[in-house]
Amino acid sequence: MTPLHLCLLISSGLFCIGLTGALARSNTILVLLGIELMLNAANLNFIAFWRFGPAPSPANGMIFVLFAIAVAAAEAAVGLALIIAVYRHQKNIRLQEANTLRG
Amino acid sequence: MLGSGIINGLIVTAKNFAGSYHDPERMVTVEYPEQKTVLPENYRNFPFLITENATDPMGTLRCVACQICEKECPPQCIIIEKSKDKKPDATGKLQLYPAIFGIDTSVCMSCQICVEVCPFDAIKMDKVFEIATTDRFQDLFLDRERLAKPNSYYHEIHPVEAAEVDGRLLAERKAAEEKAKVAAAAKAAAAAAKPVVTPPPATP
Amino acid sequence: MNPFTPSAPTPFASAPGPTVRAVHDEFHGDLLEVSMGPQHPSTHGVFRMVATLDGEQLVKLKPVFGYLHRNHEKIAENTTYLGSMPYTDRLDYLCSMSTNWAYALAVERLAGQAVPERAQYLRIIMAELTRLVNHSCLVGFLFNDLGTSFTPLLYAFREREKIIDLFESLSGSRMMCNYQRFGGCRVDPTPEWLAAAQQLVDNFPRFLDEYERMLTGNEIMLARTQGVGRLDATHAINAGITGPVLRASGVDYDLRKVDAYGFYAQFDFRVPLGAHGDTYDRYMMRILEMRESVKILQQAFKRLPAGPIMDPKAKLRGFRPKAGEAYGRLEGPKGELGFFLISDGSPNPYRYRVRPPSLINLTLLEEMCLGHTIADAVVILGSIDIVLGEVDR
Amino acid sequence: MSAAALTDSFLERAPLALRDWVVNFLPAPLQWLGHHLITIIAVLAVFGTFFAFTTIAERKLLARLQNRLGPNRSGLPWIKGLTLFGLSQPFADAIKTLTKEDIVPAAADKCLHFLAPVIVVAFSLMTFAVLPFGRHLIPVELDAALLYFFAAGAATELAIFMAGWSSRNKYSLLAAMRALAQLISYELPLILSVVPIVLVTSTLSTQNIVLAQGGWTFGFLPHWFVFTPWGFPAFIIFLVAALAESNRSPFDLPEAESELIAGHLTEYSGFKYALFFMAEYFGLTALSGLGVTLFLGGWQAPIAALQFIPSYAWFMLKLIGMLVFFIWIRGTLLRLRIDQLTRLAWQFLVPLALLNVGNAAFWILTASWSGPLQLIRWAISLAIIVIPFILLGRTLTAGYAPRTYRYAP
Amino acid sequence: MLGSAAAAMLLRNLIHSALLLILSWASVAAFYLWAGAEFAAFAQILVYVGAISMVVLFAVLLTRQNQVADVVIEPASRKRATTALTVGACLAGILSAAVVASRFPAAAVTAPATTVKLIGLELMERHGAALLIIGVILTVALIGATLLAATEAKRNPEDAP
């Protein structure tokens, strides 16, 4: 069980938690947070491979993680803005009711 | 320029900071328990009764229990009861004296109206301000004994005013004596002229 | 209890409830009813503002006062005319000398009492000194609300202390002077007192210059006060507002010029007028008025005549003015301070009414504060300069 | 004395020698632990007492600004009448806060209520790890030190939110929201004002930045960044942002006494309140420490001749200088309203900071100019930053000017 | 890390779950530190714990208005919860099996020495274009987010009853 295996196990565990969270909860915010968790799990993999991978080129893994974090941040911001907009309109944020597309 | 107002403000506080070390006009703090400020002469706090001499305070009270101050006092905090008998006062005339004379210092607002309206200059304003007590009732109701203070104490706290009051009293006493002498002489002459005429009434 | 869930909209009377409650208002969605209670640090004395906020903007503001009501006018009906003179000190405890003068003015008009010339001059000196005390206090408290940690307040109080010490050495008490009598003054100032007062008045402008240099040009001060709490002239006149608040809106109404009571006609001084009627103008009114008062004081010291300070015919006790009514008013530091007396010939007044400038200036507080934030409401209250002793009487 | 001898003078190496002497008592594997534990204890001790004396210095200085004496009554508990000019006041305060009753509101969210002060103090203490106190005295040698500093600084916002939310009181929630708006809108100018430094020294590690500021022209003009045309405006922006970041004087909106009673600290009392108080001061000291490292040449001596004084003494002197400046500002300036505060940040500080980054780039490109060109270089670089400052200043204070008044006829 | 993440998903009280999630992000950053990637760790803390947590908490606060208990377990959501759990569990099984099965070449023992300067250079040269694109994405996203949240507010007062 090389350390790489351990890291992969942890990140896959985190990924599955994020997935179940996103699917199970009816509150849109928590769904979004679940997706954030999945993104973090992916980043974990990058760092693990960068650290324990065969021929680690000096900065590849790290740069990829930086970009991933940036994108995740942008996505979270837009997602939450959407939630606020939807909330203002229909006064609660249950996922099921957000089915009317009309403005 | 945007920052100039703020910089000016900073300069002023800096000057004050420097000033507070050497400029007496800026450093005004008086550390109370150690240093005490000198009270001005006209300072007034709760009233007190004047006695002629310190040896027999109750005997030589100047107050004649005329109860004018009791009537005039706005918050009605003076309580006086006349005495049954009379006793000679400084000028030898027989006067009443207050059996009970109490001031409730928790009500008195030291407004000094009793001093103004008292025709006999018997009540004056004191200068003691450290009078905190633990008990709310007994200690704050000052009775006759605790109110009476000798005339010398009055000279001590209000020198100018006391001198002027004494001057006036002496003048009155002298005028009263002359009048008494004149009346006595006139009486003697009248008695000599018409022994039957009754002597003129004693003037106050 | 989730603080956001709106409780049933209780009747809007000053319900004792918790100080902060969510009130549901159909127009604005969820409002926040914040009660800046009697013990709030920035209200000058026991005064409560029930402010309803929509986010940061003020939607409704209900001043609640009466916590300091001492039934002054009813008591005055049961004591003699002289007896209620010391009570007038307790009305506006910051400027007791000018309140005494207003009451003495009313009684003298009622009884037709003459006042010797020296006493008139002394009264003008005392009134202008109290104006300096009041305005420096106000400016200090205004900046304290604006947020500096007590620095301008302590500078102002340093100057005020000097004047208060003068009052103490003259009338016996720092703030409760009880100095005026019907027909003159009670104590004749000694030459040393006059010299000390003269010296104080001469270097008072130095304090004002230091104050102006520190604060008038300050950008933050300009941003926080200009355009805040705007009051237009017609509105002020209709509401009966008087004093610096009115003059800040540009209305030329100063009793010292209008009535010219006492010997004010013989003094040349100018009345500053504002243009915008906002908090900055009110602050500047007070600073400029302080400069004018210094000018009046300097002239008064030069021309103080000798002579008696009390009209010989004035009777101290058994003072029974003939039946009738009189209204004496003067330009107090806060506005037109008036005393209305009805006498029925007995030693006690039949009716005794005080016109409190603080209370009347307070009526427009809500009108000035709407649309601003809570921070501004506190500053506007500070700029109106109210003293709760006078508001509640 | 040659520079090398100076750098290794006895005083310079004293703290290090002490630490190594203690560490080699421990068995080999523990040495690493001992090494770091001692540095932590040293930092905590020094800055703990520094915090205590900053509070007393603040109260004494503010008092002097206001022409009154500061606290000078508290003497030692046994000796009667010995007043140490108030020096023992902080210990008296400490005992007072420790013994004060700690009230937790009934509806409060117990664990968050307790956690908030802990996190605030933890994160603001973590920021000290990267500050170079002396030539060899740097707790943790990180090459991404600046990024670490801002990461630790950013986490304190979270704790303020927790404090505001967990005390379940509308006032503190409103204040917590305000505090967050203020902190977030001032984080950008803070970081942007540091970017030119990173640009010029092309390193993120604080030790290298201080080394880059070594050297003196003509013996007495130090090469500190504050004396460069792009450095001075950056320093001013840094100061303003640091003031806002640590909720001090013109920006102390969250605890504005005159409005929301004590902001998000209303429901705290006793030791937790003291923790918040301590965290604020640690944040302030850390930020001014960073300011000293970046702009005022860290532990560099101002004049070449004065190098014999140990470097950490210089760092402490400059730090005290910065704190006195902060206290001086606190005694003078008024408080800004929340909308003016954010407008100042977004419409004035951020554009100026961006311009300053351009200014620093210009400065690097023209590094090769020499002689008369040097003057032109200074002039242009100054122009790049001063003209927009005046223009933006004018737009910001558009409608505000001291007015003149007319008098009644 | 896993513990706090799991707890974050299950808790009823929204604020507690959000805060626990932030704790899990912090522990992810700790993992990066352990793995030797300092720069990524600090970036993670700065971005996630510093900024995104604020946005999340603001969103949670703004949308708590008439909050009916959001986790009332109606039959519909209970069924969804069980299906989600089964999907998650079997995915976890598959992944871990794949991980265990695969063999990896010998791992390099020491962490590759990366300095900030190296990352900086790398970013600018080989990934310069990516850097610019990220910049554009971020600005567009943020402007979009603010517009989205803001415009709603303006329109709302008109159609208020």
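Going by the order they are written in, the chains are A, B, C, D and E; count residues from 1 in each one.
Assume a residue touches a chain if its C-beta (ideal position, glycine included) is under 8 Å from a C-beta of that chain, and two chains touch if they have at least 3 such contacts.
Computed from a prediction, not measured in an experiment: that's the story for all the values here.
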Touching both chain A and chain B (chains): none
Pieces of the assembly without chain E, by contact: A | B, C, D
Distance-maximising chain from chain B - centres being C-alpha averages: A
Between the pairs B-C and B-D, the one where more C-beta pairs touch: B-C
Length of the line joining the C-alpha centres of chain B and chain E, rounded to whole Å: 83
For chain B paired with chain D, centre-to-centre distance based on mean C-alpha positions, whole Å: 62
Where chain A and chain E are represented by their mean Cα positions, the distance between them in whole Å: 4
Euclidean distance of C-alpha centroids - chain D vs chain E, Å: 31
Residues within chain D bordering two or more other chains: 65-68, 331-333, 397
Shared-contact residues (touching 2 or more other chains) in chain B: 2-3, 6, 9, 12-13, 16, 26, 28
Parts of chain D lying in touch with chain C, wherever the complex brings them together: 62, 65-68, 107, 168-171, 173-174, 249-250, 252, 256-261, 330-340, 397, 399-403, 405-409
Chain B partner contacts - residues on chain C that touch it in the complex: 79-80, 82-87, 151, 155, 158, 161, 165, 168-173, 176, 178, 186-187, 210, 213-215, 217-222, 316-317
Touch list for chain B against partner chain D, complex: 1-3, 6, 9-10, 12-14, 16-17, 19-21, 26-29, 31
Interfacial residue positions of chain E with respect to chain D in the complex: 15-16, 19, 22, 38-39, 42-43, 45-46, 49-51, 53-54, 57-58, 61, 115-117
Contacting residues of chain C [partner chain D, same complex]: 1, 3, 20, 22, 32, 34, 40-42, 56, 143-151, 154-155, 158, 214, 216-224, 226-227, 252, 254, 257, 270-276, 280-281, 284, 288, 373-376, 378
